[in-house]
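What follows is a single structure, and I will ask about it in a moment.
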């Protein structure tokens, strides 16, 4: 069960990564990246690194996303 | 006469004294020009005196040694003075002294004199140090100390042509010094030492040792104007101020030759050389240098360019002499270093005087110079005849010894080559003399009308022929109308310029076939020393 | 066994993500996209670090003296935590730069930026 | 700066302290001291950072009975909300799992009669959580509500939540909140 | 752009988040988390408040100046705590050996200076992260451009 | 017994979350999707956490889980509201055929271009 | 000075915080605070050096914990020499920057500038004395970010772009380094360099691919940061677009510390035996040979003086890597010596170029012709630096060249020595024309400034003097570097 879930997580992570790569809309990419970070946080929790999971959730999904959104909103939204 | 090793501070003093004076010259130049000139003069005179002071020890057959081991590890700086070193150091410092006197007048109205004198003195330090160096590394160091400041002398005029020539000089110098550097490292690697105090540091023939030798030949050959590394020389010598040219041609070329001597006879050793047979390559290069230098000189109409190419040809003799690997040849070789130093300095100084007084550089316009500048032209003639090798002048002696050496080495072809090249020397020197004495001012000598392109394209033999034709066609000028006119036409260079010229020309005459020829004696001793027991 | 497999799975995922991140970073002209790519790459490295630890059975290989049996070795966590800190500061800095570039040049496209800085 | 009733402050302080203890799970003196400090700082930060108090502060007198009844009202409201949430989810599930996807969305304006901001916010969020409705836009005059179906739009004005919130407002003193 | 719901909710959440962040910081030696994570959490709370109320409100208190002060307080605090050990004659950052009280293991004030160091880091991180986001969002100016009152 | 209750709660939570996810995928426009997101999140996650709370013995953890539920119930509708509002303000169009009822209950059909919105972009604000 | 190893890292950081804090109030404090901190750093570094040379390596475990838990640093001779270099170099650069950067940067940027410089100094110090690989990574990151910061403080578009490029590429590099560290950790279980070094032979036997991969990643990671040839793309832009003092810091000091890190990993962690069983040195060899030629040839084509210097850095870094990739004590000593020497001369060159640019407002080589007439001392210093670059004897560049060439011959590869020599010739090809035109070139006629104030001139002149001094008396760095090289090769 654990294994299946982990495998699912990894697959999701990879597909999120690919989706970020494919998305031309930057805001969309940022949002997908945020969910990627959350998935990563879950994965770390599962791999036995709660510290890292907390930090990743706060930083990856929180601060980084905010920074990215801020930057996108101050520049332009689409990749030309 | 087994020599002792004597530890003495003198060699270091000789080498470093001018270097110390450089700063003095510079600071003196900031306050007064006169003081600066005096300091410069003092520096070269002092160097000469210090060099001469080594004579007693050297004449006793001793070797003077100074070393600073803690300096620049792992190699250290050391000086080592044997007969050869002493002889060449004395030669260079005394020529330098004379040229300094000459400069005082020649450079009077030039710009940047402080810079000129500073580097002039620094270059002296470099060249004297090169001759006195006790190991290859010190030699390298002083070689650089001579080459790099000399750049400033080359580009002194700061004209575009000078800058171009300077750049060429600089790149060649650096290329040479890098080759030297490589040779140095390789020598250290192969022999574990770079000291010049023995014969045969590298004793085994290997690709690396050949490679090392090629690096050395490239480095010193470049400085000595060996074909095909001569390309800088023909540009740099003409553009430099005449005293600088005199030193470049007279002394600095010799440092290259000296370096090669040391490499061949000390680093490798003559026995080694005989065994490996690399000398044939050197001989070939020397032959090409002689022929090409002389041939191109014929086609040159600028006096200084002609002299520069002549230097290339003459350096060919020196290269030849050291590659023949026989005692006679070596004696002639070393003597030719001396002889060529004084005659080529003399010629360049004359050329400088002529250019300074008349503004003419083209030898086709030299008509009437014999009347206007009799002393200068007389000295020029003496030096030119020496160059051709007319007996009893000292050029003859060196060529004689060299030819004998060629026979001794079993290579008579090179003796023939020497004779041919003497003829070529005649072809390019005599017309100058003839034009100067037997043509009126303003006449363009007829013989010069055509051969320029001609000789260049057709080749050596045509050049010779054209030269003879030129000589033949020169008509004697009508006798001067009267003494008063003669006197009024005299516009001789000032004494400060004339004295060095005359002294050098006298040197050509004095150290000739006279019974007590001290330089020849020194050369013989040196050759013995180099060849070892 | 299952843990081994899990470790390898994550290992594999990390490798793929690293590639994805690097690819995003190198092929996309947009600076912000590059930054996101960099973040993906960084997290992939962190994932790799954790999964490497996992391959060896979840127990840290060091038996530090004086530590209790259940004591979790802080080392890999500390490693990644520091890595995250560094990643976020790099990201913030890069974004600030990107914004400034946009203010100055009006574009976020790398080629365009190079063109404009060269010409200007 | 602290333009709110001290009692309100005390409540916040105590609530946060409770939160702190709940997090720490220990009830010792160390936690109390540090917790008090932390909570104080948190509150000061919150009041300092917040924009100025609302212009619509209308402190209401609170009868004793209302005060006593407040906790019960809160509990009642929570229970009510839970039921509504469950209902909402079931409804959503039904709609979603229906192959025809029977949605008939409506944008409607809605004017609640509430006196306090927190009351309005509570209502708005409750609307969002409850069957078929979603608060899209909101200001002091009214809401713009999006409903999933026409029937939800029709029933919204009669929904029980509004009077319950009004009751809560009465119990806690409406309008005293700012932000 | 003012949103009543968001700003009200933010008003309730901000102290909660701050307290939670402080919890994560101060219990770093007892449970997962620590200075960095907690600092980020506090910063996230502040950012939430600033986003919903407008950065100009937050910058009344947390402007570049005061953030700089906090930043310096945190970071030099860390170094200074480390140096305390040096002045006590131990090595840099020595904890118990330098005379910091060890406390009872498992209690809040235990592990000597780790606690203090965590707090210093937390303050530093919170200030820095908030400053970063504020700069990115409001263009580094004194007041926000993104949102109007 | 506790395990059974917990399992039931978890299953129920999962069901609602699953329904929510399907809903997000199936719903035709932003606003309807937000409905689903807000509702299924709060109940689904709430049931999960409740289920966990039932099986957990550590009281602190239980308290924390309950706090979490409260948080989610506060934040989830707020977030849904924010997104809907942002979409509305930046002029994201609603499903064609969406009715508009003004205050008095007067209906008007909102055509494809009927949703007014200030031309403002920006997340949530 | 028992706490020197910790202080040398902590002090610059503390200084950075305080300067950053004071910067918004009294900018003068920040300026002189930066110089003062760097000077104290230099002093500590010097005293550490004397200690280390007398008593051997100094290990300092922060927190009093042993290696796996606490942060341990070790100042060995290499570390001490490089620390001294960093301290003294930074002091001089910052002193130069005093009279220079305020005008170039503007108040707002300047507030960030001094703290960033100090942060960079702290990061570099940490990098050279870090004993475990993880701290190596952390410090490398701090350096990278601070370095990007000092490139882009003044917000010129070109600088921003360069900084961005640098930032992203160095992020790739640090990703590689972290990955490599993790891989090593996974196979050996240590982060401490000594411990890894002991455990590595066994690990390499059982996990050959992992260790090889780690080494390759280190090479890529630090190679990127140190601008090893095919990975150098960021350097010319970054080093030429930065403010002058930053360029000097970056080109002179920053890239060097990464080399030191790589040398440590290669020689102290892997050890020569293991290292030469991997392809890494061979790869490095060819890359560095490429760098020597590529850097020089491209530099010849440059028209901007700072770009010229930047490309020269690439070539010279190639030179250092070249020495490191030869399995010979002499070559490694030469390379390490060149780390020191190149730092001195490149800082001198960049500062001199900065002074020239500041006084004339011109950056192109043609625009600076004849500069010697108005700025004789600066030009003289530049000349000395350039000659040292070429490796003229009597300058320090010669000594390092000597040892690298000697090392090549030790290996029986004269061709390598020729390569070294030829690359020097190439460096002559781009330095000399400028130097010559500075002395003899036509004066373009626009108004020329005079020499800068003493605070600007002094660092330049001091550095030029060091070039010559260590050229004639190279004992100070040389002896140490030989010792270091010997210890590298003594490792088994």
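Each chain carries a letter (A, B, C, D, E, F and G) given by its place in the written order, and its residues are counted from 1.
The criterion applied here is as follows: contacts are C-beta pairs under 8 Å (C-beta built on N, C-alpha and C of every residue); 3 or more make two chains touch, one makes a residue touch a chain.
Because the structure is predicted, anything quoted here is derived from the model rather than measured.
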Connectivity without chain G (remaining chains kept where they are): A, C, D, E, F | B
Taking each chain's C-alpha mean as its centre, the one farthest from chain B: D
Which of C-E and C-G has more C-beta contact pairs: C-G
Chain nearest the global centroid, as defined over all protein CA atoms shown: G
Whole-Å separation of chain centres (CA-atom averages), chain A against chain E: 24
Centre-of-Cα separation between chain F and chain C, whole angstrom: 32
Chain centre separation (chain C, chain D; CA means) in Å: 40
Whole-Å separation of chain centres (CA-atom averages), chain B against chain F: 98
Multi-partner residues of chain A (each touching 2 or more other chains): 51, 55, 59, 63, 67, 70-71, 73-74
For chain C, residues that touch 2 or more chains besides their own: 35, 46, 53, 76, 81, 84-85, 88, 92, 95, 98-99
For chain F, residues that touch 2 or more chains besides their own: 74, 78, 81, 85, 89, 122
Residues on chain G engaged by chain B in the complex (per definition of touch): 387, 390-394, 398, 401-402, 405-406, 409-410, 412, 414, 417-418, 421-422, 424-425, 428-429, 432-433, 436, 440, 472-475, 478
Chain G - residues contacting chain C, complex: 68-69, 134, 138, 141, 144-145, 148-149, 152, 155-158, 160-161, 163-164, 167-168, 171-172, 174-175, 178-179, 181-183, 185-186, 189-191
Chain F - residues contacting chain D, complex: 15-16, 19-20, 22-23, 26-29, 31-32, 34-36, 38-40, 42-44, 46, 58-60, 63-64, 67, 73-74, 76-78, 80-81, 84-85, 88-89, 94-95, 97-103, 105, 107, 110, 115
Chain C to chain G touching residues, read off their complex: 18, 22, 25, 31, 34-35, 38, 41-42, 45-46, 48-49, 52-53, 55-56, 60-62, 64, 74-76, 78-79, 82-83, 86-87, 89-90, 93-94, 97-98, 100-101, 104-105, 113-114, 116-117, 120
Touching residues (chain side chain E, partner chain F) in the complex: 1, 3, 5-6, 9, 12-13, 16, 51-52, 146-147
